[in-house]
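Below are two complexes that have chain A in common, paired first with chain B and then with chain C.
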Partner chain A sequence: MMENGPDLVTLLWTTLAAFLTLATFSFLYKDNPLYKIAEHLVVGVSAGYFMVLFLWTSLKPVLIDRLIDGQYWYYIPAVLGVMMWFRFSKKLGWLSRYPIAFYVGTSGVAIPLYMYNNVNRQLSSTLDLTLGFGSLAHFWNIIIVIGVLTGLVYFFFSKEHKGAFGGAAKIGIFILMIGFGASFGYTVMARISLFVQRIASLEEWGVMLYTYIFG
Partner chain B sequence: MNIFVRMANLDRRWIFVFLFLVVSLAYFLRNVTSVPVNTTKEVESIYNFIEGLDPGDKILLALDYDPSSLAELHPMSRAILLHCYRQDVKVVGMTLSQYGAGMVEEVFRNVKSEAERIYGKTVEYGEEYCFLGYRPYPAFVILGMGENFRIFFPRDYYDTPLDDLPIMHRVRNYDDLECVVVIESGTAADMWLVYGSARYNMPLAFGVTGVMAPDYYPYLGNALFGLIGGWKGAAEYEKLLEQEHDANRGMLAQVVAHLVIVLFIVIGNIGYFVSRKKTKIGD
Partner chain C sequence: MKRRVPLMMVFVVSLFMVVQNFVPLDEWNWIYQFLLDWTMIIGILSLLLGMWSLWKVHTQKIKRKSENYGYSFITLSGLILMLIFGFFPGSGGIENYWYRSFFYYIMVPIQATMFSLLAFFIASAAFRAFRARSVMATLLLLAALVIMVRFVPMGPLSPIVSDAAGWILKVPNLAAKRAIIIGVGLGAVATALKVMLGIERSYLGRD
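On to the complex of A and B.
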């Protein structure tokens, strides 16, 4: 920005951003060439940006610089990485299986961690016996336990949903509906946030254009 | 045809136009009126944690999002950074988002200037904060940082060796930081839980998009000590910090948008039940 208002370059970039915003919104009416331009531009720019970023912030400092520094053991991951590309060769494609096997093997470290994070921790939090009996937190903990159990009953299809079992399944579906409702509410908030931010940027563009023309 | 049945069969583009008009109007009225924002425990716990840190303490702030989530996550990044600078807490920044590096670097630069203006302090790169940049393959990076930051980040975003940055002296891994706060819009959140929290057990808090928030509530109290969900969460943090900004300014538009959508859902449902009743009578 210049002292007396925006400079032409800033105005042009902001105008381009405003044009692309409106081009994207035009999809809400129906698919059209303007939307296609905006869509293709995002894909192209993203791919190009990532290629350059990956080279200069990852390949160079983490691999190339270290090989130049004489840390020759980094040739092992470098060779494994190159072997991945043999997947495109019919004759030498089998070579790509070695790095893939290595990659899958190292994923083994995740198994106990996933078990601990997604099962053990969740189980202990579901039934928290450390909460004081009769407290509000204790009451909500009971609701959580009932919600989890009835939710599980709803997904148990080996027994007909009749009688007490059917009642529990019905409570389960209500609990699930509350969960879906919360997710929907949050999703609306997320989408409206994006929309409001675009309105703000269009407002900024309008003010900039007005200032540039009328001073 | 009954008005409700007609409304239930309304072309969805009319709903878009109506939403566009009322949300825009509500946004432009942001300086005229506002809605009250009540704070929640999950946001307060992050605020209180940072508030309780001593000057000179260090935290890791991972801004793992790209421009597509900028609207929702910028306000919380800004609020947390401002809070840290106000408390003289040092911030080690990084990103695991492939399209986020340039944008995140800009966030750090902008909030630094803003903090200097608001609090009258000097916020120096390398002393009060640093930005390590981006690395691919989140799981490996998170595991690697648990051993030594220098494995994946031998140099920062500006190509300065980590050992040349005063803020990184005596920082080897998560043990040397008070907590990790992750502002997240993608799948790396799960990696932080599994490879970070479950493996290294460091204090971890999330700021996530509205869509993601319900998925991470079950981790509150066991893996996460706090959670900021979408704009509402960011508005709460801004309120706690007494720096009401973008998130608070947009809350009126949020409330209006929700009311409009609830209204359309109610009308649609009435239309559905009325038409169903008519069909039954017809049978």
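On to the complex of A and C.
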């Protein structure tokens, strides 16, 4: 917004944004042509946006600039990438297995990383021995340890959930349910915040329009 | 050639990726970074496959005059315009005025509104699903309610709600999340090992 009010170009762009916001909200009533226009528009624009973004910010510096610099060994991933395009060919479709195999192979990095970050680090944080014995924090930590162990027991499907094992799994599902409830509450509030922000943007547009017309 | 070579490739690359983590040599790190560049290049070139697929689906819809084919013109127009703004010589690439404006005034509002719409659908789904019929459903409902009341836009309604939400997040929620994270970690390692050893081959597709 300029010092003497909004300029026409900004007002037009903001009006377009407000129209598309309302068109998308119209889905709350029912599926309708306005919503379909917004939906189809965002698919095309998003696809184009990410294509342009990735090519300029990733492919150019990582591949094209290096090939221009004479680092010819980068032709290998380029050829592998092009081989992916044979995916829909009936005769040469098998060629796309090579880049896929390479891509899948790099998932080997997950073995040490996941083991360290998801398992070791989480276990060491769970068994926190630095908390003072007998303190409230220590008590809650014991609850956390029980929660983690019983939660893991619930996810262990190789043994039938019966007897003591079944009891532990039952406690585990109680803990997991509280966790899912918390995640659900968070998700709903995040969406509500987004909704409030969209309504605020419509209000801004209304103020901008009023200021432009009435000064 | 069609199956064995890709399987061997997976094994060799996976093995290198595992071993390099334990070898603190610059040369190994250089190869690791080099291979990560490869994944980026292959990934971006694969995007063109998705682009072609999108193009094909919508052009075929137009050719066949399928139901609602008119909307395909809108999708293709958005796509073509963004590509022109981003790639036209002298356009400035991602700094192009129209490219940025389409992002800020078309893409962002629609996507944000679509995500905000989910608030209504989640609420209506929860209304139907979250009946306090069992202890588990009641726990889920109570935890969700406390968290939602804590994070209302005008701030926490009372210190009790704030404390209760803090306890839920720091104790049972933390335990649940850790159990899930550890489970995911063990599952990911097991799957990666299966892929590496050629036990899991579904990614190769059929002959």
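Basically, the second predicted complex is superposed on the first by the 186 of 215 C-alpha atoms of A that agree within 3 Å, B and C clash if a C-alpha of one lies under 4 Å from a C-alpha of the other, contacts with A are read in each partner's own complex, and residues count from 1 in each chain.
By our rule, a contact is a pair of C-beta atoms (placed from the backbone, for glycine too) under 8 Å apart; a residue touches a chain by one contact, two chains touch by 3 or more.
For clarity, every value in this text was computed on a predicted model and none was experimentally measured.
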*Give the label of whichever partner, chain B or chain C, reaches more residues of chain A.*
C
*Name the contact category of A:165: first (chain B only), second (chain C only), both, or neither.*
neither
*Who does A:57 touch here: chain B (first), chain C (second), both, or neither?*
both
*asked:* Looking at A:29 after the superposition, I want to know if it touches chain B, chain C, both of them or none. Which is it: first, second, both, neither?
replied: first
*Tell me which partner A:13 touches in the superposition: chain B (first), chain C (second), both or neither.*
second
_Looking at A:119 after the superposition, I want to know if it touches chain B, chain C, both of them or none. Which is it: first, second, both, neither?_
second
*Counting only touches as set out at the top, which of chain B and chain C does A:210 meet: first, second, both, neither?*
neither
_Applying the document's definition of touch, where does A:194 land relative to chain B and chain C: first, second, both, or neither?_
both
*Which holds for A:186: it touches chain B only (first), chain C only (second), both, or neither?*
both
*Touching A:65, do we find chain B (first), chain C (second), both, or neither?*
first
*Is there a shared patch on chain A that both chain B and chain C touch, and which residues make it up?*
28, 46, 49-50, 53-54, 57-58, 62, 109-110, 113-114, 117-118, 122, 125, 179, 182-183, 185-189, 192-198
_chain B-touching residues of chain A, taken from the complex the two chains share_ = 28-29, 46, 49-50, 53-54, 57-58, 61-62, 65-66, 109-110, 113-114, 116-118, 121-122, 124-125, 179, 182-183, 185-190, 192-200, 203
*Of chain B, residues touching chain A in the complex*: 13, 16, 23-24, 27-28, 70-72, 98-99, 101-102, 133-136, 139, 143, 152, 154-155, 157, 159, 193-195, 197-199, 209-211, 213-214, 218-219, 221-223, 229-232, 246, 250, 253-254, 257-258, 261
*In the complex, go through chain C and note every residue touching chain A.*
2-3, 5-7, 9-18, 21-22, 35-52, 54, 68, 71-72, 74-83, 85-87, 93-94, 99, 101-120, 122-123, 126, 135-137, 139-148, 150-153, 168-186, 188-189, 192-193, 195-196, 203-205, 207
_Which stretch or stretches of chain A touch chain C in the complex?_
13-14, 16-18, 20-21, 24-25, 27-28, 36-59, 62-63, 74, 76-78, 80-82, 84-85, 87-88, 93-94, 97-115, 117-119, 122-123, 125-126, 140, 143-152, 154-155, 172-189, 191-198, 201
